[in-house]
Every structure is written in structure tokens, then in C-alpha cells.
Amino acid sequence: MVYNYKKYTGEKTVTKGRRRKTGGKESKNMIKVGIIGATGYAGQELVRLLLQHPKAEIVWYGSKSYVGQKYCEVFRNMFELVDAACLDDNMEELAERVDVIFTATPQGLCASLVSGEILSKAKVIDLSADFRIKDVAVYEKWYGIAHAKPQLIDGAVYGLCELNREQIKPARLLANPGCYPTCSILSVYPLVKEGLIDPDTIIIDAKSGTSGAGRSAKTANLFCEVNENIKAYGVAGHRHTPEIEEQLGYAAGRPLCISFTPHLVPMNRGILVTAYASLKRGAAEEELRAAYEKYYGGEKFVRVLENGVCPETRWVEGSNYVDVNFKLDERTNRVVMMGAMDNLVKGAAGQAVQNMNLMFGLDESTGLELVPVFP
Amino acid sequence: MVYNYKKYTGEKTVTKGRRRKTGGKESKNMIKVGIIGATGYAGQELVRLLLQHPKAEIVWYGSKSYVGQKYCEVFRNMFELVDAACLDDNMEELAERVDVIFTATPQGLCASLVSGEILSKAKVIDLSADFRIKDVAVYEKWYGIAHAKPQLIDGAVYGLCELNREQIKPARLLANPGCYPTCSILSVYPLVKEGLIDPDTIIIDAKSGTSGAGRSAKTANLFCEVNENIKAYGVAGHRHTPEIEEQLGYAAGRPLCISFTPHLVPMNRGILVTAYASLKRGAAEEELRAAYEKYYGGEKFVRVLENGVCPETRWVEGSNYVDVNFKLDERTNRVVMMGAMDNLVKGAAGQAVQNMNLMFGLDESTGLELVPVFP
Amino acid sequence: MVYNYKKYTGEKTVTKGRRRKTGGKESKNMIKVGIIGATGYAGQELVRLLLQHPKAEIVWYGSKSYVGQKYCEVFRNMFELVDAACLDDNMEELAERVDVIFTATPQGLCASLVSGEILSKAKVIDLSADFRIKDVAVYEKWYGIAHAKPQLIDGAVYGLCELNREQIKPARLLANPGCYPTCSILSVYPLVKEGLIDPDTIIIDAKSGTSGAGRSAKTANLFCEVNENIKAYGVAGHRHTPEIEEQLGYAAGRPLCISFTPHLVPMNRGILVTAYASLKRGAAEEELRAAYEKYYGGEKFVRVLENGVCPETRWVEGSNYVDVNFKLDERTNRVVMMGAMDNLVKGAAGQAVQNMNLMFGLDESTGLELVPVFP
Amino acid sequence: MVYNYKKYTGEKTVTKGRRRKTGGKESKNMIKVGIIGATGYAGQELVRLLLQHPKAEIVWYGSKSYVGQKYCEVFRNMFELVDAACLDDNMEELAERVDVIFTATPQGLCASLVSGEILSKAKVIDLSADFRIKDVAVYEKWYGIAHAKPQLIDGAVYGLCELNREQIKPARLLANPGCYPTCSILSVYPLVKEGLIDPDTIIIDAKSGTSGAGRSAKTANLFCEVNENIKAYGVAGHRHTPEIEEQLGYAAGRPLCISFTPHLVPMNRGILVTAYASLKRGAAEEELRAAYEKYYGGEKFVRVLENGVCPETRWVEGSNYVDVNFKLDERTNRVVMMGAMDNLVKGAAGQAVQNMNLMFGLDESTGLELVPVFP
């Protein structure tokens, strides 16, 4: 963590504060980053990761609700780490000043702000859904809004690094995958791609921590409403469904229609996916495992667990890992596919940084060498 | 709550303690109850419910680990409510002294203790799995133990009140259903019974609070291991699977093989079931709803929620209700069936009391008029 | 629970819904209750308790935010238990129709609505702070609002049943104590009253579950903000301070000035008080215990725990009990006084019902015979 | 994170596993670390921090319960990060092989194993209480065991870095402070040292997350026992009391006797201290703040919050920071001093690494540049 090294010399001094502002990473050689939507949970996680990134520096903390307020007053964990105040969501000006713009904003905003001219000046990594779905009609049907820049969809790259690494490197407009899709797709992909399961039988039952619901003040997300409770929501209609279907459809070689049900769990972070599918034919344990090894054996951030070990969100919390495994059920001729990850890291900010690293020619894991925090 | 009424006159006096011991329900006209395994979570819940039951009195608090210790020292919520000390698991003696014996014990114990002679003296309500499964071979395969009293299985009645009410009334040996099976069966039953779904496509994804894991000291159940975590366990091998298959098989009219996956959720109480199945033919919303209304319209403890409302465990906590609903997914031609209940009440102690009421000719809801506790 | 008994006959029938509306308690002989502020956490708990009360029936569910909406759509635990829709906060009309009005509303509202004429028609039990403090200047200083009905303060009775039982019985305007004051005062009272501690050294460190923060949508109360966190708030300035000082001052025989610090704990319900004071002179364990026994030995809802046992909120949850105990620290010549209760029951709705019982000549514990719910 | 950098090249390859075992930090120039008690929560946190430390490598994972088992099977967050198996607690052999030994073990074990000869070969950082208290009689009275190496106590250094930095650097036997003492002492120290408060009036009310209770399987620490509950424990008798008294006594210049009460909070990590004391004389806000600035203005890991902001555990979780602040209460002439930290980091493993850095001449914050994880 070069920046901190420079920032804090460790000698006793009361000018700590000022030293921090002036010190820090050499601006040359550093990727200049601007964040639009830095005051949501995903935006704040992006700040946490980038502060620990040796090759990037944040120069713009964008926010809709907190313009003018010091960032560390919104998130007090950043006290004495971030001195900047929040700025507005001015993508025009941002494009002049930064190398890459992250948008961690509600659906529609990135599409309304981005343009070819902006993309000619800065790369854009969009954490919203605006550029994830290639078929604009599907996007507009599921999201219920008109797409402001359909002409930019084709040029956008879907940033699931383990599947699209080579296409991501040259991308200028990067669609960062949704949290549920990242965990769902990675859990199921190898068996679909290898044609071992019948893709028409895929059912995905997903469970998410509450940070996925965002930081806006809603009665339904109050502590006493979420704590000691579990519920399904968006049954048969959640917006992440077409995103999962499109990506798994590429693996299957044809359009798919799957069942996807998200649930809200009383915990801060983590997504667990339990997916079900029928085997095309009797397949042996070894054959299924070989498929996972084939695609993930060399992947750092996807850990294929040992036989019989179920993924648990506690083992990946705070890190960029996705733990996956499966269980063959010969009685029903089905396979149960499971995946666990941190929805704010690999499901949002971590994957966004992983994409940034690829887009700027850095080692993919730069700044993401985070050991999961337990308990 | 007649007993309390008598117990506490309310006048100021310091002989409160003694008054409590001597006062209380008239023993005549009261059902005398003995509990074997009163110091587990289900056993303690049984005590909570029976203390508030106007027609029953507990005369035996059985325990394996706490013999001789005051019950209220094991569960301090019972301080000044229960003065008795824990006794051993002597079913012989118990049968002489009580009208009904509840066994809230590990698999195998009830079968090893019960006998025709005991059943001639007292009714037995077994909260373990010993007498739930009619096929002893299936029991022995899934539970990995030999059944000590196979000859008593035929005479035992499966105590899912809403389905077996008439058979329960005359029963002397009652097999109280498991927590997962109660919620799973009630969520799916109407559509299977009416032949609206293909029973070979049933997949049940269940989520349970941690009280279901019991009160024994295991590292895996420590606060820091369970909190901020969700995991699947017993995948494709959980012991409640054959119980669900048997009961739904009766509804389908033939043996079934289903997928069942339980999950551990960081909350104390509650089970949520999310079940999936393919429709036999295109069925309308109304047709599916009519099936639920047909079987549950007159049932007090099963609440069929309004269209679009998903069951949540918080709305049934502390009560004997099961909230059920379904969502038709025309895209996939599947229906998602959901149920929520309190695993310690309707999933264990509450249903056991409901069965006791039926077996002793009382109103089925006596002592179970509990408004769910929220938050 | 007479009402439920009548309400649900248990026979199979699909007219359950209608039967519920028409059935229920005989209106004659029943206390007619109106609730202003029925859609907050305290208001909802009041509904839960009154639904289980054999001598009261709710005829008015008042709400500011949900007028016209069915009550069971706001709190779905009430589905099939309450069919009524929410009405507005019209105290004039209410006074014509009910025997008692509960106000579970923000500070100032009850004072603005109540009047001598209303009190001549109905009794009022105010769960807000408007009539708790006798010195209107103190009220206005700490609450920062002008008191709309100072002339009614003298006639109001402070409803801490264990201390003011006789004054409560004839009251027409009842000031229901705050949650922190109830637990704080009951924990400390005996030693102050008996002059065993120096009241100028009293320090009260209190911890509360999050339901005490109310149900309005605020970012600070979102699940992810409260979960996995503990903080102090309102340090040296919390509004419950003068209420505690006034009541303990009566016990001490002179005005007191104490330190009170509340904390927010990641749990739904419960308040724990840890209070410190210096002994006036060396006092023996027995002498201190005798003081607690003197005042609480005959009290049903205050349980003085055995020597060495610390109160815990889990043992009183869902009930009207307050568990208290103390620890003598000879090293420091201080005594640590502790109390635990459910902030929504004894700290709000339960105590309000206890007061109602006293005001209507019922047994004080009617409808409050609730066994604590654990886990 | 040099080691990771070397460990994972990032190129696609399926030999990931083997590369990891062989690759890793150059052993020359690296501090070789052995951990006795690596399978407790503090031990595991030490592993997490050292894996991310650029100048240290763990060569011995000691454990009493898991000898021979792979470390990543005990803590699955370490899967693919740690390949080593657990070894026994052989300090003799360890001393031959490592530069520093950490003991994260129950009281008494370190004292029984350590010796002058071992200290001549390796430095020892003891996370237990064995060498924290200078007066062996006090240690034996509060811990109830005989001290096995009283002759080594004098040479041991109390490792509260912010207070003892210079003495720590040359230390060979380092007594790492307890979690409660670290947060308590740092919260109160400046006002005691500056003589602004009367040290005889200090009362410390502390609240801790459950990881502080350790990982051994006890019923009292099961999820359902801790969740939705708060309690005090060890009232007037907790073992951390004399440690706090000794250190604050040095600041006061004379022996002190204080009140200390710990509480168990339903969260994984974090300690919050709320301390009370009477001002010696009327002191102004500015005067108190100046005292905190004097001692902590240049300290990186102690953050003095802005006026009116209360410390919260969520803002320091996963980091080595301690957030402190105070509130002057002119009504009572008392000051409320508050501190929040992560009990496993600054309260245990983080401070141990901070001490290691000082003892080996590294920048004090090496490997500890961790941004707090929220939510």
C-alpha cells in the first residue's frame, strides 16, 4: 500500500492532518478516478478498495444528496483518510479531469449522462444495469424506462472478468455485472457451457444481505423490519433475471428462460446462490468437477471448494472471492450448484476494480489481495 | 389464562412465592402433562405454551443433562413461573402419573422407551422423527439407526392437524411432524392434491432460524459462526426429505422423489419455504388460488395471503400461524409456492399442543390464541 | 382469552373471515379502547396486548400516515386478526365513542388534543412525555416545545404502577412512563428510598434495542447502519434524564442531578440498565437485598433475581416483567444496580395496559400474563 | 502486499495451487513468525493480518485442538491462501525456527512455556495476560493461578504502543494489552495524565462483541443465547480491572481503584467504552480537547473525533483504529469519555503486529493500513 506508506511517516507530529492532504500518491503514474454515486454502499466500498489500491487515486467524490458535505461526515470510517468534500454528478467536467469514471447510481442515470465524446476522454465503468443487456427492448421492458443511449449498447462490454477477460481489456464503456448475476452465472456456467445440464430446468434461489437494498431511507429496510426475518421478493419478476438469462444463454448457445427468486437475509453483506438443474444424462461426480476445474482451475478469485464443502458467505466477506461447489443428487437426477460471495466486493466494487485493472493493463488482482474477514 | 388468574391474586404480599407453588390450576379437570426433553429449545417452548394453556398442567420436567437442577435456572425466563426441578427420563413412572407424555428428544429415544403398556396408560406425543415414517426401512436408511419398536409404527398417527384431523383425535401414539416438513407440506399440498402441478418437478428450498439446530454446545452454532452468514447444509441428504416425500406422495396418489435443501439463517426463529414446480397445463391464477382456499379457507392456523404478498417469518413469530401464498410464473410455466412459520411453534411445540387439544377433545386452538410478536 | 374463544369455533368453514368480523367479545361489559398512533411500534404492541385482553376491545385504530388503509396491511402479523382500517387522530369524536384513549404519539400531540371536556368523557393514557414532568419549565427546556395544556399537568398521574398504584386508580389523565425511566427508576429506587446510596453519585448507563427508535424511515435506523454496531447517543442531554431525576428525587426527598447515557444495541427489543452509586456507609449485601425485597417482594412484574444472577433482556422479552438485581463492590464502596425489561411491553404498551387495568378496577395483571418468549 | 504480488502472477494457469505453495515471499529479509494458538479468533485474525504484511511470513500454525489438520479446514476463509497444517505448541522447537513467537492462548500457558533461553533465541509477544501485571500477587489473586515465571515479569514490556513506544522497541518479552484495557485506557488516559479528572471517581462501562468470548463451544455463546440479548457479566470482578487500574495508576502517579463493568453485545466485533469521571475543577471544553490533542494529535491509530460526534464500533471494524471522544456535562460536573475499536484488531492481533513492527524496527503501521470495513 504505497500511498499509505508515503502518507503516514509514523513520526510523532501534530501536523498529521495537513501531511495527509498534501502527501499521498505521486499523481503521475497514478490512474485518476472519479466516482459518481460515491455515497451509496457500493460507492463507499469502491472508495475503501481504491484507497488501498497502489495505482489509483480518487479525485472526485460525486453525490446527489451530499454535495458540499465532507465525505468523511457521510461515512465516518473515512475520518482522517479522506478530506475531500462531495461534488455533484457532472460527467462532462469529470471526463476532463479523470482517466476513469465509475457510476454507482440508479438505473438510467449513466445512460443519460454518458456520450461518445465523454468516452473519447475517459473510460466509464457503470455499476448500474444500463449497459448490461444487449437487447434494448428487454432492458426497457424489465426496467420500465426508455434507454437514453441505445446506440452505445453495442460498444459496451459485459465485465464478468472470468468469462470476458480479453474483451474487457480494450473496453471504453464497461457494464459491471449485477450482484445476483455475478454469483448466479459463475455458479452455473461450467455445467451449462459443457452441456452437462438441461438449461431449461435451471432454477436459481438466491439469498442476499441487506446492503444490496441500498442506503436510502425506507421503512422496509429499517433494522427492526429486516432483523429476525427472511422473505422472498420480486418473485418471478426481478430485474436481474434477463441479465442472467442472456449470459447463460451465450453459454448454452441459445436463448434461455430460467426461474430466479431473490431473498432478503438479516446480515449486512453476502450473497448465497443455490441453483438446481436436471442432468442431461447420468453424469459422474468427477465429470462435473472436471467442468468446474476446466473453467476455474486457474482463476484466482473463483475458489472451487473440496467435495462435500458448501459455500458460506462468512468465508468470503470483505474479499473478492467467489466460492463455488456443487452436489450431485442421484435420487432426483439433479445437481445442486452453490456459490457465495460478498455482494459489495465481487458483486459490485471489487469486480469494478478488477475490470479497471484489466482496462489499464495492470495485474488483475492489484489492490484486491484482500483476505476474507472473519468473524 | 385461568391458571394465572388463580395463581396471582394481585394483592400486595410478600408470600408471592409460596402462593404460587400452592395456588394454580385445580388438578381435577386438568390434563396432567409430562415432558421428556424439557430443556431443549422445543421443550422449553412447550413449557411456555402449556403454562398459558387453561386446561393443562405440567407435572414432570424431564431432562437428561439437568436432572436435579431447578428448571428456572436452565431457562431464567421461567423465574417465579416454574418452581419445579428437572427429573430424569423415566417413561415408566411418568405413564403412571400423567395423561400425556411429550418427547422432545433426539431420534431413537422415544422408540426405545415407549411400549404398548405405556400407551395403555398415557398418550404419547413424540416430537422426534421415530414414528413419522411408515416404512421402517426408509427410516433406518435415512436416520442410520435401527428402529426399536417397528411394531408400533402402524398405530402411530402423523400429526399434521390440517390434513389428518380426524385420525388424530383417537390417536394414542402421535408422531408430531418435523419443522421443515410442516412448512413444506402445507405450502405445496393444495396444488399437488388438486393435480395442478407435476409432482416430479417439485424443488423445495427452505431457510431456517438457528433454534432449529438445537441447544447443544457446538462450535458451528456459536454466535460468531452463525451471525452474518448463510449456508446450505445436508444438501441432497437431509433427513426431513423422506417425510416430505411420503406425505406429498399420499396427496399425489403415488410415491414421489423431490429435491429438498435446507439453509441456516442468522435469526432465532422462523422457517421460510420457497418451493418450485412446473404446472401440468397452463393454469390460471384463480384456479391455483381456489385450490388453496379449498383446503385452507376454513383453517384458522393457515393464512392464505392476498395476491402478491409474500410470506415473511416476522409476521408469524411466536404464534401458531403458517402464512402461505404462491406466484404464477407464466414465462417459465412454473409456480413458486411459499410458506412462513415459527419453527418452534407450528413447527414443534405449538403443533404438539394443537394435537393434544384434538386428542383430548378440546377446541383445537385452546391455549394457542397467540398474536404474532413483532418486531 | 375469551374473545378468541368466541371468535374461532374451530369448525371447518370457509366463512371464517365474516365470522371473525361479526363474532368477538360482547360489547357490553367490555372496555372500549381508542388508540391514537396505532401504527408505530408501541401502538402496534398495544394492539397485540389488547387483542389478547379479555375485558377490552379496540374500536379505533388511529394513524397519521395510514388513514384509510387496512391495519393488517401495515402490520401483516394482524392479518385475519384485525379487519379494521386506520382512522384519523380525531380525539373529539373518539371521546364520544370510547372509554379510554391511548396516545402513542410524538411529544406535544397529546397535549394539543386533550382537554378538560375530553377528560370528562373518556380517560386518557398518554404514552408520550407530555404529562410526565410536573415542572412545565423543565419540560419545555428539555423538549424544546411550548406545553399546550400546562393547566392539566397537575391533575395527571405518573403511571409507574409499582410506585404510584393508589394514585393511578382514580386517574383520568395518566402519564405513562418512558422506557428508559421505567427500567432506570425501578432498578435504583429501593436503595435511594432507603437512603443506602448517595443519590448525588448515581450514574445510569442504559442500553436499548432499536424498536425504541421508532418506525419512521431514517437512514440512521437502517439495518446496515444499526447491525454490527453499538453507540452512545444523546450523551448528557437525553430527554428522559429529567423524568428519572424527578421520580428518584421524590424517593430521595430532594431534587437530584444524575448522569444518564443511552446506547443503541443491534437487537429489536429490550432495555438493560447498569447503574452505579456510592454507598452512604459500608452496607452489607443482606441490607441491600432487604431493600429490594421490601419494595418488590410482593410485586408480580418486578422479579428480584437471586444473588449473583445478572438481568438479561432475553429473559423478559415479550413479557411485562422487569428483572432487577445488584452487586456490591466493596473495593470501590459502590453498588452496581441492574435492570432488564422489554421496552415495548413494560416500557410502553404493557405498562399502559397495567395502568388501564388499575384505572378500570380490574386485576392489575389482566391480559398481561405473558410468559417471556425465548429464544 | 508484496507476498501476494509474488504469489499470484495472474497469468492463466491451472497450476495455481502448486505455484502458491512454492512461490511466496523471499524468506531472506522476512520476519519468520510462529503462532501458538492460531485456531482461536485472535489467532486467526493474526493470520489474516500477517498474510497481508509485506515483511513477515508465518512458518508455524500452532494449535492445541487441531494438530495435523489443515489450517484452511478450520478457517475456510483461508482456502487457497494457507496450505499449512496445524502443528503443536512446541515453543522450544519454535524458538529455533522463528524470529518472533505470538502466543494467543489461555492464561498461564505462555508463562509455563517461555524461558530466558527461549527469549535469547526469539522474541515473544504474549496476547494472554501472563505478563501484563507487574505485581505477581495481584495477578494470582485475580486470575486464580500461580504464576510459573514471576522472574520474567520485570523484563516484560506492556505493549500499549501509544503510551510505551520507546520501551517496546528493545523488548524481548512483550505483554500485549487486553481488549478492554486497550480501549478503556486510551479513552481515559489524557484526562488522568493531565490531572483534569478525579481518578477515584472513574467508572468504566464497556460493551463488547461476542468474538471476545472466544471460539470454544459453550452453550452460553450459542447464537440463540447471544442474539437479541444484552447482559453485564463479571460485575465488580472482571480480570481486566487490575490491568486498567495499574496503567491508569501510572498516569495518575498513584494506585487507583476503579469500577469496571463489561457487557456482551450481539455483534461479532467491536468494543465500546463509556467512561465517567468527575472534573477536579470546572474545566472548559477546550481544555479537555487540548489534552486529547496533546497525546493523540500525532497518533495515527487514535482518532480524536470532532466535537459532538460519538464513537461507534461500525466505523473502526476490521481496522487498527481507536476512535475516542468526550462530552462535558456541566450539570453533573462530570465528563463522559468514549472509545470504540475492533477488539480483534487494535484489541488483540492488530496491536500485536504494531508491537512486532516496533520491535523489529519497521514503520509502526506496516501491514496495518486497513480502511475500516462498512457496512
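Going by the order they are written in, the chains are A, B, C and D; count residues from 1 in each one.
Simple rule for what comes next: contacts are C-beta pairs under 8 Å (C-beta built on N, C-alpha and C of every residue); 3 or more make two chains touch, one makes a residue touch a chain.
Computed from a prediction, not measured in an experiment: that's the story for all the values here.
*Asks:* Once you count every C-beta pair in contact for both, which comes out on top, B-C or B-D?
*Replies:* B-C
*Asks:* Report, in whole Å, the distance between the mean C-alpha point of subunit B and the mean C-alpha point of subunit D.
*Replies:* Once rounded, the distance between the two centres reads 45 Å.
*Asks:* How far is the middle of subunit A from the middle of subunit B, if each middle is the mean of its Cα atoms, in Å?
*Replies:* So the centroids are 41 Å from each other.
*Asks:* Would you mind pulling out the distance in Å between where the CA atoms of subunit B average out and where those of subunit C do?
*Replies:* So the centroids are 33 Å from each other.
*Asks:* Scan subunit D for residues touching two or more other chains and write them down.
*Replies:* Counting only residues that touch two or more other chains, subunit D contributes 41, 211, 224-225, 227-228, 266-269, 312, 314, 317, 375.
*Asks:* Touch graph of the chains shown: is it line, ring, star, complete or other?
*Replies:* complete
*Asks:* Okay, in this complex, where on subunit B does subunit C touch?
*Replies:* 1, 4-5, 8-16, 41, 44, 48, 51-52, 75-81, 211, 228, 268-269, 293, 297-300, 303, 305, 309, 312, 314-319, 323, 363-365, 369-375
*Asks:* Quick check: in the complex, which residue numbers of subunit B touch subunit A?
*Replies:* It comes out as residues 203, 205, 207, 209, 224-225, 227-233, 235-236, 257-259, 261, 263, 265-270, 272, 274, 276, 310-314, 317, 327-329, 331-332, 334, 336, 338, 340, 375.
*Asks:* Touching subunit A in the complex: which residues of subunit C?
*Replies:* Against subunit A, subunit C makes touches at 41, 210-211, 215-219, 221-228, 266-268.
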